[in-house]
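Let me give you the structure first, and then I'll get to my questions.
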Amino acid sequence: MLPDLPLEPVLEIIGVFVSGLSGALAAVRKQFDVFGVLVLAWAAGLGGGMLRDVFLGAVPPVGISDWRLIATAVAAGVVMYFFHPSLVRARRAIVVLDSGALALFTVVGTVKGLEYGAAPVAAVFVGVFTGVGGGVLRDLLTGEVPVVLHHRQLYAIPSLLGAVAIAGLWAADAYTTATSLLVVGGIFALRVLSLRFHLHAPGPWRGRAGWHGEHT
Amino acid sequence: MLPDLPLEPVLEIIGVFVSGLSGALAAVRKQFDVFGVLVLAWAAGLGGGMLRDVFLGAVPPVGISDWRLIATAVAAGVVMYFFHPSLVRARRAIVVLDSGALALFTVVGTVKGLEYGAAPVAAVFVGVFTGVGGGVLRDLLTGEVPVVLHHRQLYAIPSLLGAVAIAGLWAADAYTTATSLLVVGGIFALRVLSLRFHLHAPGPWRGRAGWHGEHT
Amino acid sequence: MLPDLPLEPVLEIIGVFVSGLSGALAAVRKQFDVFGVLVLAWAAGLGGGMLRDVFLGAVPPVGISDWRLIATAVAAGVVMYFFHPSLVRARRAIVVLDSGALALFTVVGTVKGLEYGAAPVAAVFVGVFTGVGGGVLRDLLTGEVPVVLHHRQLYAIPSLLGAVAIAGLWAADAYTTATSLLVVGGIFALRVLSLRFHLHAPGPWRGRAGWHGEHT
C-alpha cells in the first residue's frame, strides 16, 4: 500500500514546466519578444490553475502567489527561449509530456475543488478547467482559436472522465494516493492511445451524409 | 396583482437554452468538433452569469455549480449539433428568442447584484454583463471581434436601460414580480422594435461629414 | 518632507482617463459603434484594476463600483469619439501620457496588493497586471494579439522593476508618498527614455546568428 505522500506538489511542478514549454513554444513561433515568451510560459503553465482558484474564491490564485510554481513556469520559458531550435524537433516528446500535464492538472484541480467544498459537478468542471485552461489562455493570447475546441483529438474527454472518476472516488471515500495515481495514469493512457490510434471526436453532424470531416 | 412566484429560475433556464443555441450555432459554423459545440453552448448560455458571479464574489459561479443550468446549456448544444441544418433556417426565430434571453439575463443579473449588496452602479454593470457577456465570450472563443461592440444594432442599450430601471425600482422599493416582468418586456420590445425598424447606434463621428456608416 | 496626501485617487483618475483614450482610439480605428467606443475606453482604463481586484478578492471590483472612475473612462471615450481626427495627430502625446498611466497603475496596484495582505511576489504580479492589463484587454476585444507581448518595446519591464521597488520599500517600512512618487517617476522615465533611444527587448534567440529581429 502506498503511503499518502505529498506527491501532488511535485507532480504539479512537472505539469507546470511541461505546459510552460508549450506556451513558450507558441510564443516563439509568433516571434514574440523575450517578455512575451515568459508570459506565455506562465499563462500556459498556470492559467488553468488561475481559473480554478478564481472560481473557487481561492485568492490570490497560486499562479501569482506560489513562487515555486511561478519560477518553474519562468524556467520553462527561459529553456524554450534559448533552446527552441532543438526543442521544436522534440515536439513529439512535448506532446506526450503535455498529456501527462493534462492528467496531473485535472486530478489536482478536481481535488482542490472538492477540498474547498464545491459540489461534485462544480469540482468536475474546475478539474477540467485546470486541465485545459492553460492551453485555452495560450491560444487566446497568441491570437488563435483555442485548439481544444476544434482539433477533434481526444483531449478534454479524457480530462472529463478523469475528473468524474475523482469525484466518484471522493464520494465513495476511496480517494487515496494510489487511486489518484491510477486516475492520472488512466487519463494519460487514454490521451496517448487516442494519439497513437488517431481516435477523433466527431465534427458537425451532417444528417444522412454522416459527420463532416469524418475519417474514412 | 401577481403573486411573487419563483419565476426567475424558469425564465433563466429559457434564457440559457436560447443563448446556448446561439453559441452552438457559432461553433457549428466554425466546424468545431462535438466537444467544441457543447463548450460554446455552455459559454454563450452561462458566460454572462459566470462573469456576474465572479464580480460579486458568488463563487463557485452558477455556470459550474448549478446542474440544471449546465444540463440546459448542454441540451441546447446537443439539439444544435444534430439539427443545425434546420435551425440555421430558423435563424430569425433564434434572434428573437435571443432578445428574450438578453432581457431575462439583464433583469436576473441586476437583481442578483442588488441582493448581494452591490451599489446601484455596480448592480447595473453586473446586469449588463450578465446580458451581453455570454455573447462576448462566444465571439472571443470563436476568434471573432465581439459583435456587440461594432454591429451598431441596439443590443447593449436596451440592456443598460433595463438594468437602470431595475435599480430604480429597487431603490424605490417598487421591485415586484409584476414590475420586473414589465422591465423584461420593455427590454425585449426595444430590442425587437430596433431590429424591425433598423435602428442603429452611430458609428465613429466624422465631424461635419456626419457619422461614418450613417444609413442615408 | 511631503505630507502623506491622498494623491493616489487623483493619480488613478488621470491614469484611467489616458488609458481610456488609448482604448477608445483602438475602437475608433476598428469602426466600432459609439457603444463599442465607450466599452473600449472602459476596458482599457479599468481592465487592469478589474483583474487586480478579482485576483485579490476585492469584489465588486472598482471598475464596476467606483462611479468616479467609471465616469472618467466614459468621459475619455466621449472625448475620443468626437475629437479623434485631432487626437490621432496627438498620438505622440498620448503615448507619453500612457507611460504615465503605466507608472501610476503599477504603483497603485502593487500597494493595493500589499494592503490586502498579499505576499510580495503576488503583490508584484498584481501591480504589473494593473499596469498592463487594460492594454491586453483592449487588444483582445479588438481582435489583436496583445501588443505588450510582441512589440519589443520596454513596457512591462519598467512596470515589473517598479513593482519590485514598491514591494522592497514596503518590506523596509520605507513606503511613503515621497518614495512612491519616486518610483512612479522612475517607471515613467525608464519607459520614456526607452522610447526616445529605441531600446528593445530581444526577440527569439537564434543561437550564433544572434537574436531574430536584432537591430543592427
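Some points to look at:
Each chain carries a letter (A, B and C) given by its place in the written order, and its residues are counted from 1.
Methods note: contacts are C-beta pairs under 8 Å (C-beta built on N, C-alpha and C of every residue); 3 or more make two chains touch, one makes a residue touch a chain.
It should be emphasised that the depicted structure is a prediction, and the values quoted were computed from it without experimental measurement.
In this entry, chain B maps onto chain C through a rotation of 120 degrees when their C-alpha atoms are superposed, rounded to the nearest 5.
Both copies, chain A and chain C, contribute mostly unmatched positions to the interface they share, with under half of the numbers common to the two.
Taking each chain's centre as the average of its CA atoms, chain A and chain C sit 30 Å apart. Annotation for chain A: residues touching 2 or more other chains are 54, 57, 140.
Chain C contributes residues 27-28, 30-37, 39-40, 54, 57, 59-61, 64-65, 67, 70, 81-82, 84-85, 140-143 to its touches with chain B in the complex. Looking at the complex, you find that chain B touches chain C at residues 54-57, 113, 118-119, 121-122, 125-126, 129, 140, 144-146, 148-152, 156-157, 200-207, 212-213.
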